[in-house]
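In the two complexes below, chain A is the common chain; its partner is chain B in one and chain C in the other.
Presenting the complex of A and B:
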């Protein structure tokens, strides 16, 4: 009656795990070959890298006062972009969540749009917006808003799909409509995730906007590019230190907030 | 004792999409103000029966009347209005654990509010006062501002009762409300339900697995087996033997039926 069953061959020797692992390793090796990732060259030219590091080890402190303004601009760009993207992402993520929208067709359309948005490379978006609204931070904000929208809506709907559905049922049974169900039974359960995903995306955007600056989309990136072009690695060091500080601060804030909220 | 029926089942059957039979030709009339206990084995269709009344489940054939009105074709606003008038208590309480007790209790009232007013949390003074009274009624007034997950299971179930009370319900459906509680808290939860019934003349329907509780609290006991109504007696006529018969496994009954 109560005998432990013997495992099948597949279960016993973890055949599935082994097969998947082998496939994965082969895939990595294969792609490295095809894309021409050359580890030998990487280590052979390592000297150049250390030379650059040495120059950067002498930060040009006088440059500090000059980068404060563009760093603030970068933060503003990232903040506005992330906020706008998040606000648009909220209704979309609700509509994409399996446990809220039972209509497969509607959900499919929404998810398709979201996938499409996430496929657009942010550099292409930046180039596009620079062409439309001209060089400057506005192009950066648009780019970051769309990028954040794509990323946050996915993180959000996945969070929504993990909630306890009991309260949803209770609200429905009490005569609540769909919006009331979301406001009373869903939002309280996912709010913490929302805050932490927002901060996470904000942090990514601060870093991303430095790259966007290369394309003329405003912020500290413009200065980063200039310093590198002029081989002024002392200035580059200051900029990197500045960005590092901002990222550390955001990380600190988001950790404290998360601890408070959980 | 018997007034006009508040709930009436006429030849109600329900077959789930996968072919499972939930209910089979149920005829049942429940008078206003009754405390009705539903018993039966696991899978007998007790939850299904209950959920057809507030249309959390749709039926396949037959008709159900609540307060004289057929409910099987209600939609949208009408359906929400029906649900608003029927409180529901769940085995797992179904509170929003991260919200305050106050907000949980008030959420029972959202059916009376427009979308935007409830979204902004603009509950009237009277309703906030009503929430306090509902909580005091179940002995949890001091927990108003606690988070729901700080409460014990029994306390959470009583908050759920307060939430149902906020709906000004004519009917309360309780689906195994005490299945995850200890004997002592069971007592107080059942008392709370009984008081809703006696003081406010609310019709209460409770699914129970405990025969002794069924006899103590019910006015009437009905038994289900394999989706069929196999027993229906006022409490005065219920005997221990009857109840034993209801709890007999379906297979044994089926066999004896075949032999007969």
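Presenting the complex of A and C:
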């Protein structure tokens, strides 16, 4: 005799799903109220938006020659910032790796610091550093250094944690100290990953550095802000096109290099 | 004999290949270092950093909640609301983009998917701040502009991740439905969407984490949220106010990351 499986009340009427869905819809409505979402106004003012897009569709080509230098400066900022951040991140990532530092307490403190640094958004760091060191690319370099430090140290310690323990044990058995172990067993194994992550962070930093100048931290962002303030949207279009090209080129080069490395 | 010399020279070339790379890297770095004009650090740098450190350790606790709607808690809630709604809208908008860009079993170059991928890359590279400024022109300063900026900018990344999960999905269920006579719409609703939904949700949560960070700075250009008072506090050098806002952002981001991480682990 076949027994028809019975479903409980909650299963039959999908109570769980309904409750979650209701909560979700309430959340959407609540947040929409909170942020003052008004799509009627949006579509009523849509003309202004399209007018702006039309202005941007007529790029001011004469502006191109002025944009080249700040874009190069942006790349240089990103390069130096990423390098400084990486150099600082290396010792921290070694100290945060589970298989190198067995002391749970020390590791915990280092990871806590790294987590704190990672929560800080890039533009906020830029605003702080402009206040500290003054307007100019130096503020941008500091910002990108801190920003890439947080990101790269996490990627690095995760790479270190995946290494093969064999060489480490062999060196330890042969009487090597901690530093020798890192130099001869850890670095050769993770070097390619490090370079790949460095390039990846550099890509992200190039993207980030294009807007840092908006708050005065050097590079193309300064020109971006100027053109937007002067309502010179033809110039804005040129700057955005320039940023697009640079980001695409850097991404392409870095992707090719990374594919060859790994 | 000749063979031997040839292989010898290629060997020599291989041995010194690293020199070539070192030279390239050196040239790039010399170019980089000479390019950034060291404008110098302001004399007040030490003093300002001390005041910032002082402000961070002596935060302005009165700012946390004063019931005016312009305090830390309300503005952080507003930031979260911007990120949530923006990500929600963007997740819905991303689905058609994802199907546009997904390459399923076709040769390497395919007009539809390649054009879709290109559009997604363009959206991704368009700076979010500029997008926010453009929306401010349309709807006025405030968090609605921020919501719009987040929802359009996130399409770039979500669309890409979604299309990749469509490319990598298991085609068994959709083939089964098609062979039993299901039409395209039925295959989509009963096979494709249920297969990719958990991954879509997981990516959306991940994007929400990123959106919280970016929503917290969108206010710096006037698009609502905690960014506006933060920039104001930095510019007026009210470091105790900066300290409390920084604390607020750090705590919020950490909490959201933790909650979303736990949820994502349960999803996939």
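Going forward, the second predicted complex is superposed on the first by the 207 of 262 C-alpha atoms of A that agree within 3 Å, B and C clash if a C-alpha of one lies under 4 Å from a C-alpha of the other, contacts with A are read in each partner's own complex, and residues count from 1 in each chain.
Simple rule for what comes next: contacts are C-beta pairs under 8 Å (C-beta built on N, C-alpha and C of every residue); 3 or more make two chains touch, one makes a residue touch a chain.
All figures in this text were calculated on a predicted structure; none of them were measured in a lab.
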First (chain B), second (chain C), both or neither touched by A:207: second
Partner chain in contact with A:59 - chain B first, chain C second, else both or neither: neither
More chain A residues in contact [chain B versus chain C]: C
First, second, both or neither for A:247, with chain B first and chain C second: second
First (chain B), second (chain C), both or neither touched by A:234: neither
Contacts of A:138 with chain B and chain C, given as first, second, both or neither: second
Touched partner set for A:173, first chain B, second chain C, both or neither: first
Residues of chain A that lie at the interface with chain B and also at the interface with chain C: none
Interface residues, chain C side, partner chain A - complex: 28-29, 31-33, 35-42, 45, 48-49, 52, 77-78, 80-82, 84-85, 88, 121-122, 125-130, 133-135, 137-139, 142-144, 146-148, 213-214, 216-217, 220-221, 224, 227, 230-231, 234-235, 237, 242, 246, 249-250, 253-254, 257
Interface residues, chain B side, partner chain A - complex: 54, 56, 80-88, 90, 92-99, 103, 107-108, 110-111, 113, 115, 118-119, 160, 163-164, 167
Residues of chain A defined as touching chain B within the complex: 164, 166-167, 169-177, 179-180, 183-185, 188-189, 191-192
Chain C-touching residues of chain A, taken from the complex the two chains share: 27-28, 30-32, 34-38, 41-42, 45-46, 48-49, 52-53, 72-73, 75-77, 79-80, 83, 115-116, 119-124, 127-128, 131-138, 141, 207, 210-211, 214-215, 218, 224, 228, 236, 240, 243-244, 247-248
